[in-house]
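These notes are about the structure you will find just below.
Every chain is named by a letter (A, B, C, D and E) in the order it is written, and numbering of its residues begins at 1.
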Amino acid sequence: ACGGEEEEASNGTDGDATDAETSENEDAASDTSSEDGELEGQVTGDGSSTVAPIMEAIVEEYAAVQPEVQVSSGVSGTGGGFEKFIAGETAFSNASRPIKEEEAAALEEAGIEYTEVELGFDGLSVVVSQENDWVDHLTVEELKAMWVESGEEKTWADIREGWPEEPIEFYSPGTDSGTYDYFNEVILEEEDIVRSATLSEDDNVLVQGVLGSPNAIGYFGYAYYLENQDTLKVVPIDNGEGPVEPTNETIESGEYAPLSRPLFTYVKNSSISENAAAADFITFAIENAGDLAEAVGYVRAPQELYDEDMETIESLK
Amino acid sequence: MTTTVKPKIQVPEKKKESASRGSVYQSNQLNLWYDTNHALKNIDLDIKENEVTAIIGPSGCGKSTYIKTLNRMTETIPSVKTSGEIIYRGKNILEKGYKFEELRTKVGMVFQKPNPFPKSIYENIAYGPRIHGIKNKKILDQIVEKSLRGAAIWDEVKDRLNENAYSLSGGQQQRICIARCLAIEPDVILMDEPTSALDPISTLKVEELVQELKKEYSIIIVTHNMQQAARISDKTAFFLNGEVIEFDETDKIFSNPSDKRTEDYISGRFG
Amino acid sequence: MNYIDHESVAKKTNSRLLKNKVLKSIFLAATMFGLIVLAILLYRIVTQGSEYLSLEFFTSFASRIPENSGIKAAILGSIYLMLVVAPISMFLGVGTAVYLEEYAKKNKLTNFIRINISNLAGVPSVVFGLLGLTIFARFFGLGISILAAGLTMSLLILPIIIVAAQEAIRSVPKELRDASYAMGATKWQTILRIVLPAAIPGILTGSILALSRAIGETAPLVVLGIPTILMFTPDSILSTFTALPMQIFDWTKRPQVAFHDVAAAGIIVLMTLLIIMNSIAVFIRNKYQKRY
Amino acid sequence: MSMKEPNSTLNVQELIAQKSNRGLLSFVEKLMPKLLLAIAIVSVLTTLGILATLVVETYIFFTRVPFWEFITGTEWYPFANSTPTFGVLPLVIGTLKITGIAVLVAVPLGIATAIYLSEYASHRARKVIKPILEVLAGVPTIVYGFFALTFVTPILRSISPEVSIFNAISPGIVVGIMIIPMIASLSEDAMNSVPNSMRDGAYALGSTKLEVAIKIVLPAAISGIVASTVLAISRAIGETMIVAVAAGSTPRFDGDLTGSIQTMTAYIVQVTTGDAGYGTTIYYSIYAVGFTLFIFTLIMNMLAQYISKRFREEY
Amino acid sequence: MTTTVKPKIQVPEKKKESASRGSVYQSNQLNLWYDTNHALKNIDLDIKENEVTAIIGPSGCGKSTYIKTLNRMTETIPSVKTSGEIIYRGKNILEKGYKFEELRTKVGMVFQKPNPFPKSIYENIAYGPRIHGIKNKKILDQIVEKSLRGAAIWDEVKDRLNENAYSLSGGQQQRICIARCLAIEPDVILMDEPTSALDPISTLKVEELVQELKKEYSIIIVTHNMQQAARISDKTAFFLNGEVIEFDETDKIFSNPSDKRTEDYISGRFG
C-alpha cells in the first residue's frame, strides 16, 4: 500500500528530474522518506554486467532513501542471473536482452510469474585501439565475416582489401552475457564465434585487451566505451544506410542498427505483492532508471515505456 | 690401566623401629615388560609406613619403572604389561578396574626434573584440590599456604604467589612440586631422583625437607647418589637388571652388604 | 706415494674462494629479490591507493563514483566472516589436533585421517568454492550468506589450524602431563587444564596466520558468487554480504582507471590488516617461545 | 609445620572424598575421545564432500560429453553455438604453462634463498628476513593478480611488443614469486635439519661454504627440497586469482606464452562469474574441470608426501 | 658420607725422543672468548711432530675449543674472538687473511660423534680430494683404497664401497671418518674424543690405529678418558677452566704430576 502512495508522488517529480544526479538524489530522498517513513526488508537480485552500472546507481541512490532496505545485486551475467531467478533465489534479474523462450518456460515450470521492466538502452559498441589507423567503419557483413569461425586464422586483409595482413585479435563478452547473446543474434546469426576470441565476463579484460594491440577488436556495452573513449576508437557500423556511430541520439532513435538494444530487469511478481521493500525498490528503480541510465553512460528509454512498467507494477501490489 | 677404588660411605645413626610399623606397599612377584623388554623381574618388596625407602642401582636397572608402577604411572605407556601384585593399603592396585586416579590422590609423586605447570605458584598448588572438586576460595587459600609451608618454601614465595612458577630457581621449583603433592595430603610420596637436576645447596634443602616429611608421610625415593641414599633413607633396595638384589636397613646395605654385587656397586666398581 | 700436492691445492684455493664469494652474492641477490618485489608491490599500491584512503573510505559503501566509494560493507563483511570462521575452524582444528595427538591409536583410521589432512591442505581454494556453492549454499540452502561462506573458509583453513595445533600440543612437555596424572587428574582434565593452556600460544599463532589467509582468499567467494552491489551491512549470519577481497576484485574489473586506484586503497587496508595479524602472531610466538 | 595437627579444620582427603564426582568424570572421560573423533572426522567428511560434489556433477557431465573426448580433446570450446567441444587439454596446457614458468622462477630463487638463509646469513639477518618472506607468502592472490596485470605485464610489453595484455608469462612469473617463500622456507627447514656435525666434517677437510652448501647440505636435504618444490607446484596448479586476472581466457592448445591463455582454475572462475547456467553442460563442465584439477593437486600432494617419507636421509 | 678414591693409572713404556723433534704447533698467549665467556686463557703450548699429544681436563675446561682453534674451526661460530698466536709450521694461523681452507687440508680432524656424510663410503673418502680438484677416477680409486687401508678398515668395507656410510656400525663409521681425513694426506690429525661414542671393542681398534698413525702424522687428541690418554699419548696437557695447568710427558703427568690440581683430577677427585 505504501508503494502506491509513493508512486504518485514520484511520478510528479519524474518529469522535472534534472540530469545532475546529486539534485536528483535529493529529490528522491525527500520524496520517500517524508511520506513513507522507514521501510525494512531484503531485496536480492543478480544478472547482467551491462545493466550492472545502472543497477548499482539505482541501489546506491535507493540506499540513501531507504537505508534499512537491504538491496544486493550480483553480477553474474544475464544468463547466470536468470539461472538464479529460475531457482527462486532472486527477486529481480537484470538482463541486457529479452528473456529467452527456454528461460520463460523454465520460469513457468517453476511457477514464477514475472514482469519485464525497461531500464534504458544500450548501443553495443564495436571498438578498436586508437593505434589502429585503418578501420574507418565496418559493414554488418564485414562484422559477421570477421567474427564467425571459419576454421582459419583471419587477418585484417581478409576483411577488406588494403588492410594489413595482421591476424585479428578478438575480445568478446562471455557467452552467458546478454551482450554476447545479442551480438550472437544480430551479427553471428547463431553461427560459431571465432575460436581464438578471448571471452570474458570481465569487461575490463575486454577494454584492456583491445587497448593492448592495434590488431585487436572487441565489443561491449556503450557505457564501457564511454568510460574509455579517450583510449579506444569506436567503429561506426553500416547497416546499408551509411556508417552510424553510437551516440545517445542514434541509439535512442534506433538509427544505430542493428546493435542498439534495450536493457531490462525482470521482476518476480510475488516479490512485489509480498515484499513491500521489493515493491518500493522496483518503483524507485522505474522512476529513476532513465536519469541514472544517462548518468552512467547509457541512454534513457522513451518515457511511455517507463509509465507502462509502472502501471504493471502498481497493479501487482 | 687399572683403577682401584675403595669407597667408604658413612651412614648416619638412625632410630630403628621399622619392625613395628605397618606396610604401605607390598609387591609380590611383580613383573613388568615394555613390549618384550623385561624391565622388572619378580620384585618382592615390603615398604613400611613413615619411613624413607631408597632405591638405588645402575642406570636402566628399573628404578624409575618400579616407582612409577606404584602409582600406576606406567599406565601412560601403552606397551607396558605387568604380572604379579602390588598391595597398597590392603588392595591390589594392579587389579583390573582399580581406579588409579583415586590411588594417585593418595600417592604423590615428585619427578627428576622440576616440572611445575606453566601457571602461577598459587595455581600450581591449587591444581590438585581443584581437579578433585574443591572450589571454595578460602579453603584453597588455606591449602596453598599449608602446603607451601609443608614444603618449606612459604617464606620465599608468599609475596609472589601470582607469579609464574617458572620464574623460580630450579631448587625452588622442585619444592613447589613437592608442595603441589602435599596439597592433596597424600599418604605416600614417591620421588624419582628429585635432586639430580639441582645444585648442591638446593639438594641439601630438599634432603632436609624429606627428613621432615617422613614424620607424616611414607616416602620412597629413587636416587643414583649413594651418599644421598645413605644420608636420608631408613631402608635401601638395590636393583640390578630389573631384580631386587638386596633390600635391608640402609646402614646394613652400606656397611655390610650381603651380596657381592651390592658391594661392587656401592664401591663404585660399575654403574 | 703422494696423491695430494699441497702446493697445487694452495694454488687452487683462491679460485675456490672466489667462486664462493660470487655465489654468495648470487644467493644474497636471490634472497633480496623476494624482498624487493614485496617492496615494489607495497610501494606501488601505496602510491596508487593513498589518494582514496580517507576516513570516508571506511564509512561509505561502494559507489558508482570512484570518489564516493568506500569499503564499509566489505570490511564489515570480512570481519563478520572472520567472526564465523575463527570459532568454527578453531573448534574443529583444535579438536582434531587433540584427538590425533592425545587419543588416536596407531591404526589405519588415524593414519587415514592424517594423510587426508595433508592432502586437504593442498586442495586448491577454488575447489573449496565449488564445495561451498554445492553443499552449503545450494544443498543446505544457506544461500549466499556469511554462514555459507564462513563454513567454506573454515574448512579451507582447517588443515592449517590442525597442523599448527598439533605442533603446539606436541611441544607441551610430557613431564607436565605426568605431573598432572600423578595428582590423580584424568586424561581429559589434564588436556583441558594443562595441555591446552600450555599450547594456547602456539595454537593462537597458527590460527591467526590461518585467518590471515582466509581474510585474503578471493577465489571461493568468487565461486560462491557473493554480490558486490550492496549498500548495507549484514545483520545476521544468514545475511548476504560482500568481503574485502571480493570488493577489490570487483574494482579491478571496472573499466574506469580511477577504480583501480580505489582497488589499491582497498588493498592497502587488506594488507595492513594482514601485516597486523602477522605481527600479532609473531609477537605471540616470540613472547611465549621458550617457557618450560 | 606439621601437616596433620589434631585441631586442624582442614582435611583435604576427606574433602576430596566428599566432592569428587567420579561418575561424571568417568562419563566425560569416556565421552571426550568419541566427541573428538567425531570432530576429527570432519576433515574426512570435507574430503568426502569435495569428492561427492565433484563426482556427482562430473558424472552428469560425462553422460553428455564422452570421457574420452574430455581427456584427449585438444579443443576446449564450450560456448560454440553449433557444436561445443570439451577437450580439456587446452586448459591443462594453460595450467602447465603457468606452472612451468612459476617453477622456473621459484625453484632457483627459492633454493638460492634457502641456501643463503641457512648457510650464509647471520642469525640476525635470518630473524629479519624470514618474517618478511612470510608476509610475501601471505599477500592475497588477488593483490598479486592486480600486480601482475598493472605492473609486470606493462614491463613485459615494453620489453617485447609480442606480449599481449593477457599472457602466460606475467602471471607465471607472479605465481612463481608467490611460491618462492614456500620453497625457500620449507627447503631452509630441510637444510637446517642437516646436523652441524656434517658441516663440521666438511669444513675440517678445507671446504668452502659453497662446497659445504652444494656438496654436503643440498644432497643431504634433497628430499625435503624436492618435497617442498612439489608442494609449491601443487599450489601453482591450483592458483586462481592471479591467472583469472592476468592470464586471459583463451583456451589454446599450443606452446605460445605471449598470448592470452586459460587455465583450469580461470575457467572455473569465468563460468562461475557469469556463465554458470544451472543444468547446462557448461555448468557441469566446471565440476569436471574442478575434478581434473583436484586430481592433479592430489597427485602432487601424495608425491610430496611420498618423497619426504621415502627419501628421508639417514644420518 | 665421604668417599675416598685412590686411582692408579698405569702408563705403558714409551720411547722418548721428543726433545729431538720439530714443532708443528706453538700457541703463544692464546686467548679465546665466546662473547664474554673467556674460554681459553693465555695458552702456551708447543706441540711436536710425530707424537701423540693428549689433552685432558674436566668438562667445559676448553679442550674442544682449543683443538678447534688449531684448524680454525671456531671460525664457524660468529661470537668467537681470539688474541695471541698459533704458529703452525712457521706461520701464525690466526693472522687476518690466512686461508684457513688451505690450513684445513693439512690439518685433519676427527670428531666425537662419527659424522660421515650421507653418501657412499667411496664418496665419503673421495670428498676431500675431489673438492681440491682431483677428478681422475683412477687416482681417486687409489686414494680411497690407500686411505681406507690407512684407517685399518679396508678389509671390512672393500666389497661395499658403494653402500651408504650410515649402514656401518659406529666404530666403523669413525674409522671411515679417519680415512676421510687421511685422504687429503694431512700433516696433523686433530681428534676430539674420537672414541667417546664407541663401544669398548671399537675403541680399542681406534686406539690401535692412532698408535699406527703416529708414525706418519702428528696427532692431537682430546679425551676425557684418562686411561686412554695414558695408553696412547706421548705428551699430555691438563686443562682447567681454560688454562693449561700442566703439560708434560704422559708418564710424568700420571705418575708424578707437579701440580696439586692435576693430581686431584687424575685421582678422580673432581671432574
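Here is the rule we go by: a contact is a pair of C-beta atoms (placed from the backbone, for glycine too) under 8 Å apart; a residue touches a chain by one contact, two chains touch by 3 or more.
Composition by chain, UniProt nomenclature: B, E = Phosphate ABC transporter ATP-binding protein; C = Phosphate transport system permease protein PstA; D = Phosphate transport system permease protein.
The structure displayed is predicted, hence computed values, not measured ones.
Between the contact lists of subunit A and subunit B, the overlap consists of C, D. Number of steps on the shortest path from subunit D to subunit E, with steps defined by chain touch: 1. Across the two interfaces under comparison, B-C and A-D, the one joined by more C-beta contacts turns out to be A-D.
Each chain gets a centre from the mean of its Cα atoms; for subunit B and subunit E, those two points are 43 Å apart.
We define each chain's centre as the mean of its Cα atoms; on that basis subunit A and subunit E are separated by 86 Å. If each chain is reduced to the centroid of its CA atoms, subunit A and subunit C end up 38 Å from each other. Per-chain Cα centroids separate subunit C from subunit D by 13 Å.
Multi-chain contact residues, meaning those touching two or more other chains, occur in subunit E at positions 101-102, 105, 131-132, 184. Under the contact definition stated at the top, the residues of subunit C that touch 2 or more other chains are 9, 13, 16-17, 186, 189, 225, 252. With touch defined as above, residues shared between interfaces to two or more other chains in subunit A number as follows: 75-76, 80, 202, 205. On the side of subunit B, the complex with subunit C involves touching residues 71, 73, 75-76, 78, 101-105, 108-109, 111, 113, 115-119, 127-128, 130-132, 166, 177, 180-181, 184. For subunit C in complex with subunit B, the touching residues are 105, 173, 175-186, 189, 193-194, 197-198, 291-292. Those residues of subunit C that touch subunit E in the shared complex are 2-4, 6, 8-10, 12-14, 16-17.
Across the complex, subunit E meets subunit C through its residues 99, 101-102, 105-106, 129, 131-134, 139, 142-143, 146, 183-185.
Residues 61-64, 143-144, 225-232, 235, 239-240, 242, 250, 252-256 of subunit C touch subunit A in their complex.
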